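Take a look at the structures below.
Presented sequentially are two complexes of chain A, the first with chain B as partner and the second with chain C.
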Partner chain A sequence: MDFDIQTWISVAAFMGGALAMGLGAIGAAIGEGYTAAQANAAVSRNPGISGDILKSMLVGQAIAESASIFALVVAMILLFTSFTSQSYVTACVMLSSGLCMGFGAIGSGVGSGFPAGAACMGMARQPAMSGRLTTNMLIGSAVCQTPSIFALVTSFILLFTDFSARAVSPTWAAVLGAGFASGLGAVGSGLGGGLVAESGCKGIARQPLSATPVTNVMLLGQAVTQTTAIYGLLIGFILMFKSFPATDSIAPPMALLGAGLCMGIGAIGPGIGEGFTARSAVKWIARNEGATADLTRLMLVGQAVAESTGIYSLVIALILIFVA
Partner chain B sequence: MEELGKVHQLIIPLFGRDLTFNLDVILMTWIVITVLILFGFFSSRKKSLLPGPLQVLGELLVSQLYNLTEDAMDKEKAEKYGPLVCALFMFLLCSNWIGMIPHLHEPTKDLNTPLSLGIMGFCIAHYAGIKSKGLKKYAKEYCEPIFFMMPLNVIGELAKVVSISFRLFGNIMGGAIIILVVSYLTYSVIIPPFLNAFFGIFVGAIQAFVFTMLTVVYISVQVK
Partner chain C sequence: MAIEGADIVQAAAYLGAGLSMGLGAIGPGVGEGMAAAKACEAIGKNPREAGLLTRTMLVGQAVSESTGIYSLVVALLLLFVV
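The block that comes next holds the complex of A and B.
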C-alpha cells in the first residue's frame, strides 16, 4: 500500500484526536470521583445541608471537568477540520497537538477535584462559612486549571500555525517536542496546585478567621507550583517558533525531541513536590495565623529548592536546543 | 478563526534594523491608561467624608493593596512600594477586563506587555535588594550554598521573570483562544457570555492579583 501525504495527515489527525480525548478523560474523572466521595462523607456528617453540599459538589465537578472539555474541543477540531498541506510536518503537528492537550488535561483534572472535595467536607463542618469556602474553592480550582490552559494554548498554536514552509527534517521533531514539553509539563503542576487548594479549603473550614491569609498564601503557593509548567510552555514556544536549519542527519531532530521530553518529564516532579510544600504551609497557617510571614518565607525558600531539578531540566533542554 | 494569528504592525526601519510596533497593543494600553487616569481623577476630585461611589471604590482598592503590601514588608517599605503595587494591580485588572468589550483586546494577550512588567518588577526588586543589603551581601547570596552554584542561582532568578510573565500571558491568551474557538464552534449561541464571565472577569482578576502579589513577594524577599 502506498500512502500519500494527505492520508498520513488524516491518520495523524485521527490518532491525535483519539489520544487527546483518551488521555484527557483520565484526570477529570478521577478528580470528580474524589469530589463525589468527599461529598458523600460530608452529607453523612451533616445531613441538614445536603442541598448546599450537592450544589457545591456539582460546581466543583464542573470546573474539574473543564480540563477534559478542552481536550474534547481539541479532539473535535482534529476530527472535523480538514487540513490540507503538502508537508509531512503537518502530520506530526496533528499528533503533537493531540498528545499535548491529552497529557495536559491529566494533572489539572485530578487536581481540581481536591479543593472541591475539601470544600464539601468543610461545609459539613462549618456551614456558616459555605460562601467563603465556595469562593476559595472556585479560585483554587481556577488556578489549578492554568496548566491545562497552557497545554491548550500550545495545542492551538500548533494547529493554527503554518509549519509547512519549514524544513521537514528537524521541524517534525521540534513540533513533537513542543507538544511533549507543554503537555507533560502540565501534569505535575496541575496535581500540585490541587493539593494546595485542598488544604486551603480545609484550613478555612477549620479556622474561619484565618480565611484571608489562607487564600493569599494558597494563591501564592499555587502560582509558584506552576513555575515548571511555565518552563514547559517556554520550551514549547521556543521549539515552535525558532526556525531550525534543514539537516539530513538524525542527530539534530533527536536533540529537539529530547529537549521537549527532558523539560516535560522533568517538570512533573517539581510540580508535585512544590505542591506538597505549599499544602503544608497553608495547612499550618490555618492553625497558627501569627506565623504567616515566617511560614510564607519558608514555603518560598523550600519551593525554590524543590524547583531546582526543574531548572536543571530547563538548562539541559536549552542546551539541547541551542548547542546540540 | 483567522483572527488567531492576525496582528496589526507598524514597521519602521531605523539604522538598518526594523523596529516593529504592535499597534493594537499600544492602542489598547493607551485606552487602559486613559481609563485609569480618568478613574483616579474622578474618584479623588470631590473628596468628602461621605464618599461617592467612585471614591469608595478607589479607597477600597488602595487600602486593600496597601494592607497586602504591609503584610509582606515592614511599614516603611510598604509606604514606598505601595503606590507601585496599587498601580500595577489596577493596570493589570483593567487590561485583563478590557477584552470583554467587543472590538477591544487585552494588551496582556501579547507577550510584550507581561514581559516588560515582569522585567520592571525584577529590576525594582534587585535594585531594592542592593540598596538595602549592600552590593557585597547581595552578591554573596548568589554563592549559596556553595560558590559553584552561582550560574544556577542566576538562572533561577532570571527564570522568575519568565515564569511571572508567561503565567499571565498564557492565561489571558488561553482564555481569549477558548472564547474565540468555542464561539466559532457554537456560532456564538448561549455559551460565550459565560465563558467571558469565567475567563474574562474571574481568571483575569485572579491573574492580576497573582502577578501583583508575586511582584510584592519578589521585592520583599530581596529587601529582608
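The block that comes next holds the complex of A and C.
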C-alpha cells in the first residue's frame, strides 16, 4: 500500500482534531464539576442567596469552559479546513497543533474551577462580600486562562504558517517539539494559578478587611506560577521560527524533539509547586495580615527555589537547540 | 537514507537528555513548593521566628533540589560526555 502526502495530511489533521478535543475536554469538565460541587455545598449552607450563588457558579464555569472552547475551535479548524501541501512536515504540524491545544487546555480548565468554587462558598459565608468575591474570582480565573491562551497562540501559528518550504528532516521534529513545549508547559501553570486564586477567594470571605493585600499577593504569586508556561512558549517560538539546516541524520531531529519535551514536561512541576506556595501565603495573609511583608518575602524566596528546576529545563532545552 | 549505529546512539542521547531533565524537574518543583507552603503557614502562625523558618525552609529545599541536580548532571553527561 502506498499513500500520497495528501492522505497523510488528512490522517494527521483528523487525529490532531480528535486529540485536541479529547484532551481539551478533561480539564474544563473537572474544574466545572468542582465548582458545581462547591456551589451545592454553599446553597445548603445559605439557601437564602441561592440566586446569587447560582449566578456566580455559572459565571465561573463559563470561564473554565473557555479553555475547552479553544480546543473545540482548533479541532473544528483541523476537521473542516482542507490543507493542501506537498510536504510531510504539514502532517506533523496538524498533529502538533492538536496536541498543543489539547494539553494546553487541561491545566487552565481545572485551575479556573477552583476560584469559582471558593467564590460560591465565600458568598454563602459572607453575602456582603459578593461583589468583591466575584471581582477577585474573575481576575484570578483570567490569569489561570493565560497558559491555555499561550497554547492557542502556538496552535494557530502552527496551523497558519507555511512550513512546507522547510527541510523535512529536522523541521518535523521542531514543530512537534514546539507543540509539546507550549502545550505541556501550560498544564502546571494553569493548575498552580488556580490554587492561588482559590485561596484568594477563601481569604476574602474569611477576612473581608484584608481583601486588598490578599488580592495583591494573589496576583504576585500567580504571576510567578505563569513563568514556566512562558518558558514553554519561548521554546515553542524558537522551535517554530528558527530555520534548521537539512540533514539526513536522525540525531538533530531528536535533539529538537527532546528540547520540546524537556521544556514542556519540566514546566509542570514548578508551576504546581509555586502554586502551593502562593496558596499558603495568601491563606495566611488573610488570617494574619500583620505578617504580610514576611509572608510575601518568604513566598518569593520559596518560589524562586521551586523555579530552579524549570530553569534547568530551559537551559537543557536551549543547549539541545543551539549547541547539540 | 542510511542511518548508522552511531547516529542512533547520538539521537538517543539527545532525546534522553531532554527526557531526563524534563521528567526530573517535576518532583523538585512540586516538593519545594510544598516546603515553602508549610514555611508560609508557620510564619503566619508565628511571625517572630521568620529568620529561623526561612533557614529551615532553604535547607529542606536544598535537599529536595538534589534530585533535580542529578537530572541536570545526567542530561549534561548525555549531551557532552557520552
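For the reader, a short list of remarks on this structure follows.
What we mean here is this: the second predicted complex is superposed on the first by the 324 of 324 C-alpha atoms of A that agree within 3 Å, B and C clash if a C-alpha of one lies under 4 Å from a C-alpha of the other, contacts with A are read in each partner's own complex, and residues count from 1 in each chain.
Keep this in mind: contacts are C-beta pairs under 8 Å (C-beta built on N, C-alpha and C of every residue); 3 or more make two chains touch, one makes a residue touch a chain.
Quick caveat: nothing in here was measured; it's all calculated off a predicted structure.
With the two structures aligned on chain A, chain B fits next to chain C without clashing. Look at A:Glu65: by the touch rule set out above, it reaches neither chain B nor chain C.
In the superposed model, A:Trp284 lies in contact with chain C only, and not with chain B. Once the two structures are overlaid, the count of chain A residues touched is higher for C than for its counterpart among chain B and chain C.
Once the two complexes are overlaid on the shared chain, A:Ile149 sits against chain B while remaining clear of chain C. Residue contacts after overlaying the shared chain place A:Gly269 against chain C, while chain B stays out of touching range. Contacts of A:Glu198 after superposition: neither chain B nor chain C is touched. Once chain A of one complex is fitted onto chain A of the other, the partner contacts of A:Glu32 are absent, as it touches neither chain B nor chain C. By the document's definition of touching, neither partner reaches A:Asp52: not chain B, not chain C. Within the superposed three-chain model, A:Gly188 lies in touch with chain C and out of touch with chain B [touch as defined at top]. When the two structures are aligned on the shared chain, A:Asn216 is found in touch with chain B, with no touch to chain C.
Closest approach of chain B to chain C, taken over C-alpha atoms in the A-based superposition, is 9 Å. Note: residues 307-308, 312, 315 of chain A belong to the chain B contact set and to the chain C contact set alike, using the contact criterion stated above.
Every residue of chain B that touches chain A in the complex is listed here, in rising order: 1, 4-5, 68, 71-72, 152, 155-156, 159, 162-163, 166-167, 170-171, 173-175, 177-178, 181-182, 185, 198, 202-203, 206, 209-210, 213-214, 217, 221, 224. Note for the complex: chain C touches chain A at residues 1, 3, 7-8, 10-12, 14-19, 21-41, 43-45, 47, 50, 53-54, 57-58, 61-62, 65, 68-69, 71-72, 75-76, 79. Those residues of chain A that touch chain C in the shared complex are 188, 192, 248-251, 253-255, 257-277, 279-281, 283-285, 287-288, 290-291, 294-295, 298-299, 301-303, 305-310, 312-313, 315-317, 319-320, 323-324.
Contact residues on chain A toward chain B in their complex (touch as defined above): 70, 73, 76-77, 138-139, 142-143, 146, 149-150, 152-153, 156, 160-161, 213, 216, 219-220, 223-224, 226-227, 230-231, 233-234, 292-293, 296-297, 300, 304, 307-308, 311-312, 314-315.
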